[in-house]
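Paired with chain B in one complex and with chain C in the other, chain A is shared by the two complexes that follow.
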Partner chain A sequence: MRKMLALYVPAATLLGYVFLFAPLLVLVIYAFNGGRSTVVWEGFSLAWFAEALVDRGLRAGLQVSVIVAIASAVLATAIGTSAALAVVKRPFAGKNLFSTLVIAPLVLPEIVLAVGLLVATVWTGVPLGYGTLIAGHVLVSIPFSFLIVRAAASGLDPRLDEAAADLGANGRQIFVRVTLPLLLPAILSAFLLCAVISFDNFVVSTFVSGVGSTPLPIQIYAMLKTGLTPKINALGAMLIAVNVLVILVVMGRYLKTIRKPS
Partner chain B sequence: MTAPRRGNLVTLALLAPSLLSAILLLAIPILIVIAFSFAEQDTYGGAKFGFTLTSYRELFQAIYLPIFLNSLQLAVVSTVICLLVGYPIAYFIALRAGRYAGLLLALLLIPFWIDFIVRMSAWMVLLGRNGTINSALVGLGVIEQPIRMIGTYPAVLVGMLYAFLPTTVLPIYAALSGLDGRLLEAADDLGATPLQSFWRITFPLSLPGVMAAILFVFVPAMGVYAIPVLLGGGKSIILGNLIVQLFLDFRNIPLGAAVSVVLLAISSVIIVCYMRVLRSVEEARV
Partner chain C sequence: MPPDTPEPAGASRVAIELIDIRKAFGASDDQTTYAVDRMNLKIRAGEFFTFLGPSGCGKTTTLRMIAGFEEPTSGRLLLDGKEVTGVPAHQRNVNTVFQSYALFPHLNVGENVGFGLSVKGVAKEEIRQRVKAALESVHMAHAIVRKPSALSGGQQQRVALARALVNRPSVLLLDEPFGALDLKLRREMQMEVKEMQRRLGITFIFVTHDQEEALTMSDRIAVMSNGVIQQVGGPVEIYEQPANRFTAGFIGDMNLVEARVTGRSGDRLALDAAGSRFDLQSDLALQPGDRCTLAIRPEALHFVDGDAGPPIRFSGTLSEAVYIGTDTVYGLALADDSRLQARVRNSRDRSIPQTGEPGVVACAPSAIRILTQ
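This part shows the complex of A and B:
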């Protein structure tokens, strides 16, 4: 009994990781398969990658997604960073309430947020398009940039500010010369993660993308509903590669900051 | 200008962007949704503001009850499965993995950040009629004919587990990694069996993490819609599909708004309960 229990936890963990990675592995492997099959190996081929890259719908979707990801990540990072700086560095009443409000989009069901944005466009007459997509993605990304930068900012030594002030730096100089450089890695991580969140976003995009501004995930979803093609596997493999790269960059920075003895 | 006033202006400037986006993109839209849920549908498919309970009355009719129950059932079953699978993983990473804990956590984050729709298409590759699993089973002679997997309820549950497993593990891991190892040693010294010290010490101390996991799985699961469409064939209608259909296919804004308000109300109740329970747990510990 005791032995079984001791084995159960590592075995469950191993199975869990197989469950998480096997599907991705299968997808990537069969993206290189020459035939249409996702079972029989018909020789190594990059043909489906080429097909995915020339598909007009997917290219248009990719363009929309990249533009929206960059624009919304810039905005969400700026907004989340300023909110984090306010919470960590400035005294003001209702700080907890303010933090809750900023994090709220993370906890509320995304579909309700999406419905809210759609109904707001109906009410105000704002046309659906890049603007509404960017606004929606900013809304769902802000909690992440806020949490990342807040964690980094609250880890800064307040004596650095005091030392800079003692040496005659004014508020703006302290911010530009001391605070900002120290927070830059966290701000960059926040930007990358916000860009990934926007690029992957599905629910909000379903509601607020307009004609001619269909982002990639919605484009893929439409293709999946009619049936799986190896083209989508190839595209999926490329997206996995990009996402893993971003994670490595972010985690690499994160691990480096941990390893440094403080 | 005096120094404190200038300080206040800086604070205000830092707060303004997030307050503005919270008001414009979150608060006002939700208020509009609530207003529309009491509006009347006009003959052109638009909505006319007013105060009528038509939408809610329609919603509480017998045909919509199964949709609520389907969603509730899917959310409860998904949460339970995620906890059963996720808890041992979090336990292993926090208490057994030693120096590999960082690596295991990083690995856990990879599927979490990969495009949702790509993850679902991976499962479509595996579960399809001529998919990897069916072909492997037929090839090995385990089954003679391919089994129907895609379009079934278990396939939906697999998709839900896949989507929400990392979200389940992370908060439980966070709670367990703060556990003082000396407590377990003390229990061991006092003659407790591993099972006893798990139920009397480890599990109670991990409860805040378990509750956070429930919050992060149950609330989104109530509003999920792409997973049941792609892996379940969209056969059993749930709240998420209903909202999408009402808004994007039927253009019935008042009814769609009413469903969204009900979903928001259910989620808010869960979030408030979570915060209450968390507070009482923290107070009990002090």
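This part shows the complex of A and C:
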């Protein structure tokens, strides 16, 4: 009985991993398939990677996604960082309410945000396009940049600000020479995470992208409707590779900051 | 209220003056508590001045107001004769050594020390030279390119000192700077900092809860309790002539014995303390029936046998004997249930009773200080 229990835990863990990663593994394996099928193996080939890279629709989608990811990540990181610094360093009334509102997009159903955003654009008459897409992505990524930078900022010794002021630094000098360099790892992590969130975003993008500004996920979804080829697998494999790389960088930095002795 | 400390002859320039300084915290309409209450104080230029008191007495708050990290609720603060109330920290010519050192973790030792000069726009070459000189003066020149995290506590302390002193402040503030160091290192740093202060002639304002540290380093000490200065004076004065019960009890070991005045003739008071009756000379305005407290150091008390020895005697039962190396500290339970401590040099003296036996301790009249507040 005890032996059964001892086996249960690793077995369950293994099953969990299989459930999580088997589809991804199959997807990546069939990216190298020589034939047109995504289920029958017909020999090794890199042809689909080439196909994916020259596909005009995918390339256009990739371009939109990269532009929107960088622009929205820059904005979301700047806004999230400012909000985090305000919450950690300055006393003001309604601080808790303010924090809750900033992270609200995290807990609200994204579909509701997306519909709301669409209604707002129709109301204000703003044309759908890069602008609305970036605004939508900023909205969903602000909570992440806020939480990451707030965690790092609240870990800073407030005496460092005082020490800098004591040595003659004014507010701007303290920010540029002490606060910013110390928060830079967290700000970079926030930026990367926001970029990934934007790059992966589907729901908001579906509602607020316009003609000529279709991001990659929606482009891929459209391709699925016309037929599945290993081209999409190849693209998926490349996206996984990029995402894993980014996550590793973020995690690496995060672990470094939390392991650092105070 | 603290008695006026007489200014020494040829009193030098005043570096810092606090006038009626109050700092409220937890303020509400009906009840305001003060971290620092109505503080009036002059600190002379070049002085090693210490705020001494238990935690929560307001000493660090006072220091933070001088540094400019906190503003007084009311009152005025003068630095070198100029009003600095309301002037932000970065515009005051004072520098602070923090208890936690507060070195910038992203900068190396040299950059840390050069920070103050750099933000003031001092030329690079001058910064380089002054940083080097400052680090040499604290024996840390070898570590100029190392990060603070690679240094020991004592080394970080030295760098923090150099970082403050390189700016040539008119006043250096030190907030329990040795609190995190072990005893041996603390002694070393105390000597070094004291020597540095003598050499530089800068006003040092020091905050500590360690009375021994205060006594060994300071020119003058302000003993604080509950936001109020209890006494200001030199180490000898503070130790030998405590002004009130708080100072007497806080500085060193002290027996505080409650006494009643039973008579007065001229400058002699007749006292009754814990069943002992004796006369003491005093110019205090005490009348028969008044109560007072007698402060007696444990080392001033000796065991006596018979009539030989000092005239003032307390008898009781020996309740404990604690061996502490060169001395033994004896506890004597008196008739009124109060207790006396006597610290006696260890010897082959057989006159000292065993625990549980009756005993008599005595001291000279000059060893007793009468306190009325």
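Criterion: the second predicted complex is superposed on the first by the 250 of 262 C-alpha atoms of A that agree within 3 Å, B and C clash if a C-alpha of one lies under 4 Å from a C-alpha of the other, contacts with A are read in each partner's own complex, and residues count from 1 in each chain.
As a convention for this text, a residue touches a chain if its C-beta (ideal position, glycine included) is under 8 Å from a C-beta of that chain, and two chains touch if they have at least 3 such contacts.
Since this is a predicted model, take the numbers as computed values, not measurements.
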item	value
Chain A as common anchor, with chain B and chain C clashing or fitting	fit
Partner chain(s) touched by A:A104 [first = chain B, second = chain C, both, neither]	first
Which superposed partner A:G16 touches (first chain B, second chain C, both, neither)	first
Touched partner set for A:G168, first chain B, second chain C, both or neither	second
Chain A as apex of chain B and chain C, Cα-centre angle in degrees (nearest 10)	100
Touch count on chain A, higher of chain B and chain C	B
A:A47 touches, of chain B and chain C: first, second, both or neither?	neither
Partner chain in contact with A:D200 - chain B first, chain C second, else both or neither	first
Chain B versus chain C as contact partner of A:V122, first or second or both or neither	first
Partner chain(s) touched by A:I67 [first = chain B, second = chain C, both, neither]	neither
Chain B versus chain C as contact partner of A:R159, first or second or both or neither	second
Three-chain overlay, closest Cα atoms of chain B and chain C, distance in Å	7
On chain A, the residue positions that both chain B and chain C contact, one per complex	none
Residue numbers on chain A that touch chain C, as the complex places them	157, 159-160, 162-170, 173, 177-178, 181-182, 260-261
Contacting residues of chain A [partner chain B, same complex]	2, 5-6, 8-10, 12-13, 16-17, 19-24, 26-27, 30, 37-40, 78-80, 82-83, 85-86, 90-92, 98, 101-102, 104-105, 107-113, 115-120, 122-123, 135-136, 138-139, 142, 146, 171, 193, 196, 199-200, 202-203, 206-207, 217, 220-221, 224-225, 228, 232-233, 235-236, 239-240, 243-244, 246-247, 251, 255
Chain A-touching residues of chain C, taken from the complex the two chains share	67-69, 88-91, 94-96, 98, 100, 102-106, 115-116, 119-120, 149, 163-164, 167
Touch list for chain B against partner chain A, complex	7, 10-11, 13-15, 17-19, 21-22, 25-26, 28-30, 32-33, 36, 47, 85-86, 88-89, 91-93, 96, 102, 104, 106-111, 113-126, 128, 130-132, 135-136, 161-162, 165-166, 193-195, 215, 219-220, 222-223, 225-226, 229-230, 240, 243-244, 247-248, 253, 256-257, 260, 263-264, 267, 271
